[in-house]
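Both complexes shown next keep chain A, but they swap its partner, so chain B is in the first and chain C is in the second.
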Partner chain A sequence: MRSKVTLARLARNPQARYGLIALVLLLALAYVGPFFGPYDWTDKDFTSFLSPPSADHWWGTTQIGQDVYAVTLRGMQKSIVIGFLVALFSTGLAALVGAFAGYFGGWVDKALMWVTDLLLVLPSFLIIAIISPRLKGASWLWFVVLLGAFSWMITSRVVRSMTLSLREREFVLAARYMGIPGWKIILRHVVPNLSSLLIIDATINVSAAIIGEAALSFFGFGVQPPDVSLGTLIAAGSDKVTGYPWLFLFPAGLLVLLVLSVNLIGDGLRDALDPGSNK
Partner chain B sequence: MGAFLLKRLVSNVLLVAIAASMAYFLAATSLNPRANYEGRQPPVAESVVDATLEQYNLNDKTPVFERYVTWVSGVVTGDLGETWGGKSINDEMGRRIGVSLRLLLVGTLVGSAVGVTVGAYAAVKQYRLSDRVIGVSAFVIMAIPVFVLATMLTLVAVGINDTLGFTLLEYTGEYNPALSGWDQFTNRLNHLILPTISLALGQIAFYSRIQRNMMLDVLGQDFVRTARAKGLSRRTALFKHALRTSLIPAATYFAFAFGTLLTGATFTEKIFGWHGMGAWLVDSIHTHDVNAVAAVSLFAAVCVLVAGFLSDVIVAALDPRVRVS
Partner chain C sequence: MNEPTTGRDAPILEVSDLNVTFRGGIKAVRGVSYQLRPGEVLGIVGESGSGKSVTSLAVMGLLPEGAEVTGSVRLHGKELIGAREEDLTRLRGKSVSMIFQDPLSAFTPVYTIGDQIAEAVRIHQKVGKDKAARRAVELLDLVGIPHPDVRAKAFPHEFSGGMRQRAMIAMAIANDPDVLICDEPTTALDVTIQAQVLDVLKTAQRETGAGIVMITHDLGVVAGLADRVLVMYAGKPVETGTVDEIYYRPRQPYTMGLLASIPRMDRPTERLIPIEGNPPSPAALPPGCPFAPRCPLKVDACDDAEPELERIGTGGRMSACIRSHEIDLKGLDGATVYPVPEAPAQREERRPRAERETVLKVDDLIRHYPLMKGAVMKRRVGTVYAVDGISFDIAEGETLALVGESGCGKTTTLQQIMQLQAPQGGTVVVLGKDSAKLAKAERKGLRRDLQIVFQDPMSALDPRMPVGDILAEPLRAHGHKDAKAIRARIDELLTLVGLAPEHAERYPQHFSGGQRQRIGIARALALEPKLIVLDEPVSALDVSIQAGVINLLEDLKVRLGLSYLFVAHDLSVVRHIADRVAVMYLGKIAEIGAVDEVYGAPAHPYTRALLSAIPLPDPELERSRERILLKGDLPSPANPPSGCRFRTRCPKRALLGEAEARKCEEAEPAVIRLAPAGDHGAACHYPENTEAVAAPGV
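Moving on, here comes the complex of A and B:
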């Protein structure tokens, strides 16, 4: 079985192993960690403002007395969820658009690729930033849609070119001659055959989305208060970094670790799924 | 070839026009320049606000399509309109492009040159300790977003300045206007150090990775062995034959990165207090400045396409096969 070979390769790959261990630890910290902390993320301790890390407040407090440990883990949960959702959304969109364009060809291909080009030319950061004032008060899921909508274009071009060659393969032709409709062939035969590319792409998209979310939130265009994410925390912390470094260092450090572990897994997956590599 | 280029140019111009128009409509319908005049003490009469907004083509009471037509007829003749404060966008843009260029020119040149050198060095020393150290540090640096990196740099600079007791490293603004002549020149250079590092580090990591991979591909090829076999020294074979061929992808990225960075250096510019194009992007949205937002998006779209064109030209210059076909 191919998947078994892949898994065995993945387990032997040290990069992927360390990445996976780190990611599991970080996930555990984000979702189990809050139960061990002495404070809830909504609690405000009015006896200590901007106090450095101590036995009571493990990672210090903010200027309104929030516990940095609790708030940071809460923000990390949001960042992780956003990262995974955006990756799922954008890779799925890339697969569908690319496969439809490549499979049907003709005007469908022309129209879809033209939209792809247009979205590549539009400065995505600027567009999301302009739209974001409208999203104040709306669900943060809209933000996920926006981030995803601007990160699928390059992959969909790759998917399209691979579909062009898959289209002529025997199993696809056989399915077509049996009278199976095009959309079904795409979903059943074309997309599953691109799975290794898509899995790698989705992994890379997770870290790209986490950084993208943080980058937009840094200027207040992303997750809106009272919700917190690593991006909003880093933004708040970077203003006071010279006097109160713990406000910045903890969220920033966790962001870097998160991105690093996901990237390690992505690199390991690439080695494991690439038939050319014999490691 | 000529017909192909012309066709591409036409479709590119069309793409820019559509992208800029979409950005204008989005900005004009989402942003609210009126908010800049609200809540003032004493309150500004609505008719005055209307008249001012009307003058700058920002009045949300005019139908958006009418404002768009006014904007386009200005853009076609080379006039990008006025900011909500009534300043000419053309002048402001010229100044800001200058600021961004000064920052980027040094940053991208240092980043790509060091990155390519480091990558080529790592390829020659494949699997040795130095290769591994370079690989791991590039991997780590690429996981650090630029706003974290820039903030860390200011933290380090403040730490150094504090321990020394005087300001060794500047970390805000472009220069100190109180100085003049030679002092101001060195002061400007000092202000460049930290933003340049923050811009260059990520690029060094990126270029070193692609350059290493390309160089490894090339090193195993026949023409390098032939060059050695005909009696060239290892050094000449590496520099004259291997490096030049393996530079092509890095050069492509270089052109592209330069184009997109003109507005993409937003974080570096904002954190270090430079008032360039990138900072304008964020500032104009925060101040609901529709015309400025439209101008920045137009500029960004043009930059992406020019960068794509430029990378084609560079590839043609470096790769003889492209020129022949």
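Moving on, here comes the complex of A and C:
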């Protein structure tokens, strides 16, 4: 009933509709596109360096003969995967920390909120920049963990305050008086009832994570070569933007489109889930 | 209604064929017409969703955009529908005033009450600031606020609920309006405060000579106050007439059922008569009469067309039912027309109370909360004496009702019992086990036998779980693993509370309030408990639905041999369902005993005041009875009066001699059994008319 209403409202919201269509197209481009391109992202065409877009190399080539189309799509795949994983990780962490702190209160609350506040005041960019070179050679998943570990705090505070009011709701009291343990009540009654907040938050986190990843990779702290992401590609193309614009414009344009479409969906979801809005 | 429209008796407010349609084709109000003459009180009665509030908002022109209003509303012959917003603004507060249900949200929190009333005066009258302020103080005095000159400088949050509602009335009558619209003005208040506010409303009407439109769901409130009554159902008026006609000779089946379904203080033992089914959704009205699906007098012709209001007999009496004339001729009433549900036979002869097992024993229970101040350095500035030493016990198969006004500690008592932890002071013994000495496994085991039903059926069920899962939760938590057995038990439970097994797949929001409360009861029954704590289980329900749930609770008690701890503020419901009653005041028990004895011969002055404050759905009785009006509000539980806690409001104390009255100040009365034989005790030094009124000093 509720989800049906939400979906109907989401579909009625033009922003969200266009965002959703754009995101589906971008995902299709990133994952289906490479099969149609003539080159693989590891291929190097030694007959053409820095050639502009042509029938053979659709989006041109780099100075070592890589096909920009193939490389950009590969980088986009990485950015998307990192974005979604970070969002999932940070929202999940935010939900658990916030709900446990809010539900149990007392010293659990104090300890968890102390950690949260501590992480909030730490300069995350700097710390990731310092730690990530030490992870060279390790899996890029560590990078996901790092990004996620610094982006959950504000949501978790919101979750905590919402849990404080949910905790007094009678269905939670009923479960407690039934003799159901606290962690089960959190997972079964508290977190599902925060789902609208969490869905919105996760969506917004996707775009934040994609931008964060791109920014860190741009400065060389994120995804390490030979792997590519939109951030590393933009970094590589930025110094040649005047002479060889295709190196920069394709990854940068795709980044903007990706973040924009995710944000549009996030805004639309917020309107659709908020009973007060008239959209 | 073809009354003259000119002359002294000309109606001030004329509403004719008012229709309100919300976005999506939801017809909230369909063809409401009424007239209001000066000094007249018109009661608009209906259950939630009947469109009574929307009607008044439409009259005031306060509906949100997107609501389509048609018809005519004429104030002194001037049309209001379609009038310009500036013209309406000039009328609002001047000619037409409104009193809302929630007085907290009706005041701006950042200005003082006096300023806000003065502002209301200055908007419509050309007077100076100081004169307006003086007028505000006068008005506050008129509505019975003590020390009005001081209290005018107070902010809304410093007023109690009852005082805010009085201030609201003061603001509404500030400009001597011709029409006063009251939308459930006393619903959020306790009975003793309600009695005060109703009294103030009568004063206000006397002062201003205004016509009052009184919107309420409480048939008792209307009975004593209204001259004429309009009954609404599914957005349409179904019956209108003078108050006596409606109450004593209802001619429309819905009105008849509504009156029959109210628990009556004066007829406690009769079985309640519920109206089956639920009001139709305004988005999906049945083709014919909207009440036909629930009507016991339904004939085939009812489905053909919706009946219009038709005149019956002489005078302004109208009813919308094709069988009204027949009802009138035969002189039928609700009790004969509606099927009286049969009470289940008592399984066995009750053993005397002393021989039955005690399922719950609370002894000198204490719960104090520290009052903290300061953000960084928290320090204790006082203590809230929420529950301050109460004792009672419940025998097997018995219902004990805990009654009291809000803030008296009922809910805290419940929580202390349900938590099954060691209380701050005193003991709680459930089924012979002391809650302070329970091991973890024992506590969980005991939870099987102790269950709770909550007040608000909206909030008591997790909205994200289907009903089947909600009912399965206690079963799974207590070790039922077999999915088939759980499923069978769910079907059984749903049938037991009058729902269908296929309802298990639906979510709580698909059910009406009464059905949800039944689901809540089914959940409490899942583990076959011995004692159920009922926290105001029917106070959120409409009367016609409430009757069905009360009957269900009574049936279940007899069939399953349950004991109830029934917490309520509605004394007529308590009279109906309880065997024993404990009246609480400010964390203490004021009076306790068998229902018949407490209601029949209340000994504590507080109980007497409570009982006299309940509005009866009987205009004759209501007009003739004498009310004991209590002064002031409940004192703060953080700073209870010394000695007897009730002494600050006690009407009896005024009649005592000085020496006698001093005792109330100095010594706190304990609950004393009034007669050696009876089951009745009161915590008063000078209880009413019983042998216990011994020589002073006892």
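Please note the rule applied: the second predicted complex is superposed on the first by the 279 of 279 C-alpha atoms of A that agree within 3 Å, B and C clash if a C-alpha of one lies under 4 Å from a C-alpha of the other, contacts with A are read in each partner's own complex, and residues count from 1 in each chain.
Basically, a contact is a pair of C-beta atoms (placed from the backbone, for glycine too) under 8 Å apart; a residue touches a chain by one contact, two chains touch by 3 or more.
Being a predicted model, the structure only gives us computed values, none of them experimental.
Engineer: Quick check on the chain A-based superposition: chain B and chain C, clash or fit?
Structural biologist: By the criteria stated at the top, chain C and chain B fit after superposition, with no clash.
Engineer: Once the structures are superposed on A, label A:Leu173 by its partner contacts, choosing first (chain B), second (chain C), both or neither.
Structural biologist: second
Engineer: What is the contact status of A:Trp142 with respect to chain B (first) and chain C (second): first, second, both, or neither?
Structural biologist: Neither partner.
Engineer: Which partner does A:Tyr31 contact after superposing on A: first (chain B), second (chain C), both, neither?
Structural biologist: neither
Engineer: Return first, second, both or neither, reflecting whether A:Ser207 touches chain B, chain C, both chains, or no partner chain.
Structural biologist: first
Engineer: Would you sort A:Ala129 into first (chain B), second (chain C), both or neither based on which partner it touches?
Structural biologist: first
Engineer: With both structures fitted on chain A, tell me whether chain B or chain C touches more of chain A's residues.
Structural biologist: Ranking chain B and chain C by residues of chain A touched puts B first.
Engineer: Touching A:His189 in the superposition: chain B (first), chain C (second), both, neither?
Structural biologist: It touches chain C, and chain B stays clear.
Engineer: A:Phe49 contacts which: chain B (first), chain C (second), both, neither?
Structural biologist: A:Phe49: touches no partner chain.
Engineer: Just how close are chain B and chain C at their nearest CA atoms in the overlay, in Å?
Structural biologist: 5
Engineer: Provide the residue numbers of chain A that touch chain B in the complex, in ascending order.
Structural biologist: 117-118, 120-123, 125-127, 129-131, 133-134, 207, 211, 214-215, 218-219, 221, 234, 238, 241-242, 245, 248, 252, 255-256, 259-260, 263-264, 267
Engineer: Over in the complex, which chain C residues touch chain A? Could you list them?
Structural biologist: Counting only chain C, the residues touching chain A are 418, 443-444, 447, 450-452, 454-456, 459-464, 473-474, 477-478, 507, 509-510, 520, 523.
Engineer: Could you pull out which chain B residues touch chain A in their complex?
Structural biologist: So the residues of chain B touching chain A come out as 15-16, 18-19, 22-23, 26-27, 30-31, 139-140, 142-145, 147-148, 151-152, 154-155, 158, 263-264, 266-267, 270-271, 281-282, 285, 293, 296-297, 300-301, 304-305.
Engineer: Quick check on the complex: what are the chain A residues that touch chain C?
Structural biologist: Answer in residue numbers: 1-2, 169-171, 173-175, 177-180, 188-189, 192-193, 195.
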